[in-house]
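Given below, in the form of structure tokens, are the structures.
The following pair of complexes shares a single chain, chain A, combined with chain B in the former and chain C in the latter.
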Partner chain A sequence: MSLHKGRGFACINYPIGMNLGGDPSQALVHSTPDGKFMVTLSAIDLGQGMKSVTRQIAAETIGVPVEDVYVDTADSDTGPHDMGSFASRGTHRVGNAVIQAAKEARGVMLEAAAEELEVNAGDLETDGHGNIHVKGAPGRTITVEQTAIAAQFRQGRTISGRGIFLIPMSDVDPDTGEMTPVSCFAHAAVVVDLQVDDETGEVEVLEVNSAYEVGRALNPKMVEQQLIGGAWMGISHALYETTEPYYPNRDHGPTDFNQYLMPGAGQVVNHNIAVLERPAEDAPFGGKGPGEMCANPLLPAVANAVYNAVGVRCDTLPITPEKVLRGILVNGGAQNRGG
Partner chain B sequence: MAKTPVQFTLNDKETAVFVDGGANLLDVLRRVVGDLSPKYGCGQGTCGTCTVLIDGEPRLSCLTLAETVSDQSIETTGGLADGPDLHPLQRVFMEQFAAQCGYCTPGMLMAAKALLARNPNPQREDVIEAISGNICRCTGYEPIIDAILDAAGEMRGRVS
Partner chain C sequence: MSSIEFRKDLFADERDDALNEIGKPTIRQDILGHVTGRSPYFDDHLFDGLLHLRCVRSPHHHARIRAINTRAAQSMPGVVRIIMPQDVPNNLNTLLALIGFGKDDEALLQGNKVAYQGEAIVAVVAETELQARNACNAIQVDYDVLPHVLDVEEALLPNAPVVNETYPNNTFDYHELYDHQKLRFGDTQKAFAEADHIVEGQYQMSPIEQAPTETCGAIAAPETNDRYVCYTSTQALFFSLGTTAKLLDMPSSRMHFIGGTVGGGFGGKVDSLHEPLAVLGARLTGRPVKYSYDRAEEMQVGAPRGAERWRIKDGLLSDGRIIARQFTGFFDSGAYTRLSSYAIIKGTGHLPGPYTIPNVSSNVYCVYTNRTPATAMRGFGITGVDFSIECHMDKVAETVGMNPIELRILNAYRDGDMKAHRRTAKNCALIECAQVAAQKANWSIEPQYAAMSSLQGGGAERAQIPQTVIDDVGKIGARKHNAIETDPATNGTISSKPSSTVTPVHATQAMGDSVAPVSNSAPVANVIAATSPAAMNVPAVPATHGQTPPPQTFTQSATSPPAGAPSSQAPRPSPAPPVVSTDAPKPVEPYRPQQPFSRGVKRPGASPFVSGTRRR
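Then we have the complex of A and B:
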């Protein structure tokens, strides 16, 4: 038996969102009587942090502390319409809708404050700590809470805002075949180092090095966790996971977690990540969101590394020991390739 | 169907319930007692999210007959915090982003608590071993392992 080391590279140009007849997201923002803000969405957080990021975006836009903003994604019946959390579109589409709604709410808030302070709304600014004051005269001030109370109980005004972000339907040009389905792309490049056992056919990933370009990382810690978890998922798809049976009969397929192969805590691979920030023009505060792209490039990188290590080109996933061994057999032995 | 009276402590609180024959502990905790902190993942002992401590040992509550826990002490994630103060494991999990969807988190926390009780100074391999029965789909495990090691360090510092 011997172990063969291999290195594989892959990169990705990843479109954010999708375009099947147009791709809209909506957001509604309103203030409670005590000057907190509620953002209502119908896209949900699957755990990667869309709720936290839209909360940051709303707070930054309205000009209030992040603690004073709540994001409610409870119900797509009662919330505004959204296409949903998929296609890596959350940060970009929903974030942009939140900015529009938050801007409108901020406008009403400043008008209400202006009425109380007897000045022009255009002369007011927020300090991000829950206060509104006259530009250049910080002494002439009112809190966001007092403003909300005045709007609600004295002025009869709703401090609220509506937002929609739409990437319109892009038809295929009948002459050229061209279309513009998306407005923004994220990018990544990954290098996978692994070793292949030519007796058992087993592949062990040793290290991953990656660079991800995600626009601005709106919440760097969450970007990192999503990249680590997503890359692990990519490796898992490349080497282990399938609902299809390995053998001709479908009955041999996995039916539960006992048989469905997934790497566990013992197979964690060292992963060094470089996050490159190039804020995108049409993205909320420049953030595109990592999404599905965290996982995708790992699959071809693993396949390339296996080819480099033993000369076996697997074109179906996952790359199981059986496929590796059959490939080695056909080639008449393990051969280092393409390196 | 005849019901069986079962008495145990749940997070140090005396608890008495009537359970159906064959009922599993996870169902009894969630539906009869109303402690929703242990989660139902697979219901067949393969995911680990229903892990609770029975007399200090991590056990899969979905595979434990409720009738068998008489007079035993049961701990769940619901009892980890001390009023508003989170348990160090909970706090470090939160601070270090060791959860995404959070579905595996209760099981991870209880498996980690049992580990730290018997081995306050675990090595990385010990942590991996301790959570090897718990599946996480989101994090890639790395942040969870790091969080448990850091919480261990913090808890040792506190005791000495």
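Then we have the complex of A and C:
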């Protein structure tokens, strides 16, 4: 038995949002009488951080601390329409809708503050800490809370805003495939290092080095979590997972996690990530949504690394020990391609 | 240990980093509920008198249903209601009807002909899950087993069994014209003839389970205001609401859908099969009904990422520039459409990957087979073709003896390039990602590749739409009569269409992909120049290429396979503290019974069956 090391590369781009548009998202923002803000959505937080990202976007846009913003979502009676959390559309579509709603609410808030301070709303700025100042005269100030109280009880004004983001549905040419698909793309490149056991056919991934371009990391911790977890999922797809191991034959389909193989959390390999940020012009603060795409480059990178290690091209996923061993057998032994 | 760095030095002039909240590692508001196990999921909404729904499922890949006998089951203990296919008010739907894409082709409960193992036929609503299971086992379905087809290319043969009556050719109908989606850009056949090497390959994705910890499900209950509340694990609240309203022929305003904490989605929770049956069960029984998959159903009946088969043929010059790329793709949709037809549109818009190739053609088929329908999953429509493209790129690199990273950088798309779907590329960053990943992995690339940029070298000639050869092979139904080549046709006519036939659309706030220049909006005969015609859009080759051996870190085979030979050498075996009281799923809060499990709530709108949630 011997272990053969190999490395493989792959790079990809990934379209953000429902491909042909026609997928609106709405958001409503209003202030409470004590100057906190509610963002009302019907987008689903799958654990990916929908609520966190929209909360940060709302806070940034209104100009208040993130602690003063709450996100209420996933109730069809209170939340306005949203197409759903899929197609990497959450951050992009819902984020844009939240920006629009938050801008409108901010406008009303500044008007209310202007009335209290007896200045023009255009002369006001927020400090991000819950205060509204007259530009160039930091002494003339009012808190967001005082502004909200004044708007509610003295001025009779609702500090609120409505937002929607919609890229209208577009057509596809039947003969040429001409279309106006999604508006922005995320990018990634990965290098996978692994070793292959030429006796058992088992592949062990040793390390991943990667660069992911995400427009802007709206929340760097959540980006990190997505990228590490998503890359792990890509490795799992490459090496282990399928509901039909002998596709297209339907036999031997797994029915539980004893049969459906996935590596455990303890097998998450070391992953050194570089995050690049090239903001997309139509994305909220440029952010593109890293969730879906981060798994994709791992599949081919693993396949390319296996070839590099033992000279076996596994063009059919998953790359099971059986396929690796059969390939080695046909080749008359492992053929390391150098590296 | 894993590590992360933020390369703020790159694209710094395109970013304003002076922001207050964006870019901060803010902790999620609902973290305390998650880490203490108190965030409520759909399944935590325990209603007094909750009934359980289970389905009788087909044991066959393909069979006509002669008769369904429920007599024995009806009198079994705990059985409250048996729901037959005819009890579903509007028993035919397709998911993307909500955006007007495709024809209704799938029944919620199938009473005529089952087309995959596990297809639901009859639903039983009983007091306990066990009683529902037992009653399902007692229902006798008399089948007339039919021949089935499981392979995508066999399903396209003239004599193949018809899987889905709505699409009798076993393919989704594109534009009421073709049995596949075409992409045509330039003249791939001509470019193949001019290429120094041809590299071909075939790639096969496997069906993959989304594998959420929480299986799909919903709990519905009648409320006292003539409405139904539905707690669901859906990824798309209004998608599920709209689908339920259509199948049950009931105004959506009569339903109150509440989602929220989801135990993993990954695309597997958009199909909206549970909400309609749960609400229907509640409507027919007047009691709360829960319907969820068990793990076996989640894995074998729940829709997976569909398998895809891709064939790629590249024509390349010996310096590594790819001058033509042809795709033939087969998406295994399973028995019904769900989302596969749309995935193909998305996939087609993605071709030929993140590279600028002057001649691209593609035929992609959405094929019906007698297996579990496929649906969305992380990377929807892209994962499979990216696997294929990137494996293929390594074969191309080996064929011309190039460092695979350098090959990609050489062919990478750049700002201003024309994409095959005829829109201009912008905001590109593939080259930079490749450079940074190589650097992190100590995989050396030559200085000229390290110096390349997505911002430079694009556009100009590379922004042109070439004269394009089109064909009308593969009209809907033509394959029924004789087997037709599935690859893009080898002959066609020069397109007489203007280069931009699809009206570009604008977003409400910002613009989408920028539109192709319309300068050649009439067919221009000399778009392809006389000299090295097919390669004209390719960037100049870096001067030193060819003399420099690939770096030691990745030694390439010195001998290239002869032109035209497939390169495949091995056989293809088959800062603020979290606020506790702000969790989103508030809607259950307002009503708190003083006596648990008491019935008869008087408050308008409240369910008479609410009895609190688990874990309180």
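Operating definition for what follows: the second predicted complex is superposed on the first by the 318 of 339 C-alpha atoms of A that agree within 3 Å, B and C clash if a C-alpha of one lies under 4 Å from a C-alpha of the other, contacts with A are read in each partner's own complex, and residues count from 1 in each chain.
Definition applied: contacts are C-beta pairs under 8 Å (C-beta built on N, C-alpha and C of every residue); 3 or more make two chains touch, one makes a residue touch a chain.
Keep in mind the model is a prediction, meaning the values are calculated, not measured.
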Which superposed partner A:Gly286 touches (first chain B, second chain C, both, neither): second
Contacts of A:Gly266 with chain B and chain C, given as first, second, both or neither: first
Partner chain in contact with A:Asp75 - chain B first, chain C second, else both or neither: second
Partner contacting more residues of chain A (chain B vs chain C): C
Chain B versus chain C as contact partner of A:Ser170, first or second or both or neither: second
Partner chain(s) touched by A:Gly47 [first = chain B, second = chain C, both, neither]: both
Partner chain(s) touched by A:Asp256 [first = chain B, second = chain C, both, neither]: both
Partner chain in contact with A:Phe37 - chain B first, chain C second, else both or neither: neither
First (chain B), second (chain C), both or neither touched by A:Gln226: first
Footprint overlap on chain A, comparing chain B with chain C: 46-47, 49, 221-222, 224, 228, 230, 233, 256-257, 262, 268, 271
Residue ranges of chain A in contact with chain B within the complex: 46-49, 221-222, 224-226, 228-233, 256-258, 262, 264-266, 268, 271
Residues of chain B that touch chain A when the two form their complex: 42, 44, 46-47, 97, 99-102, 127-128, 131-132, 134-145
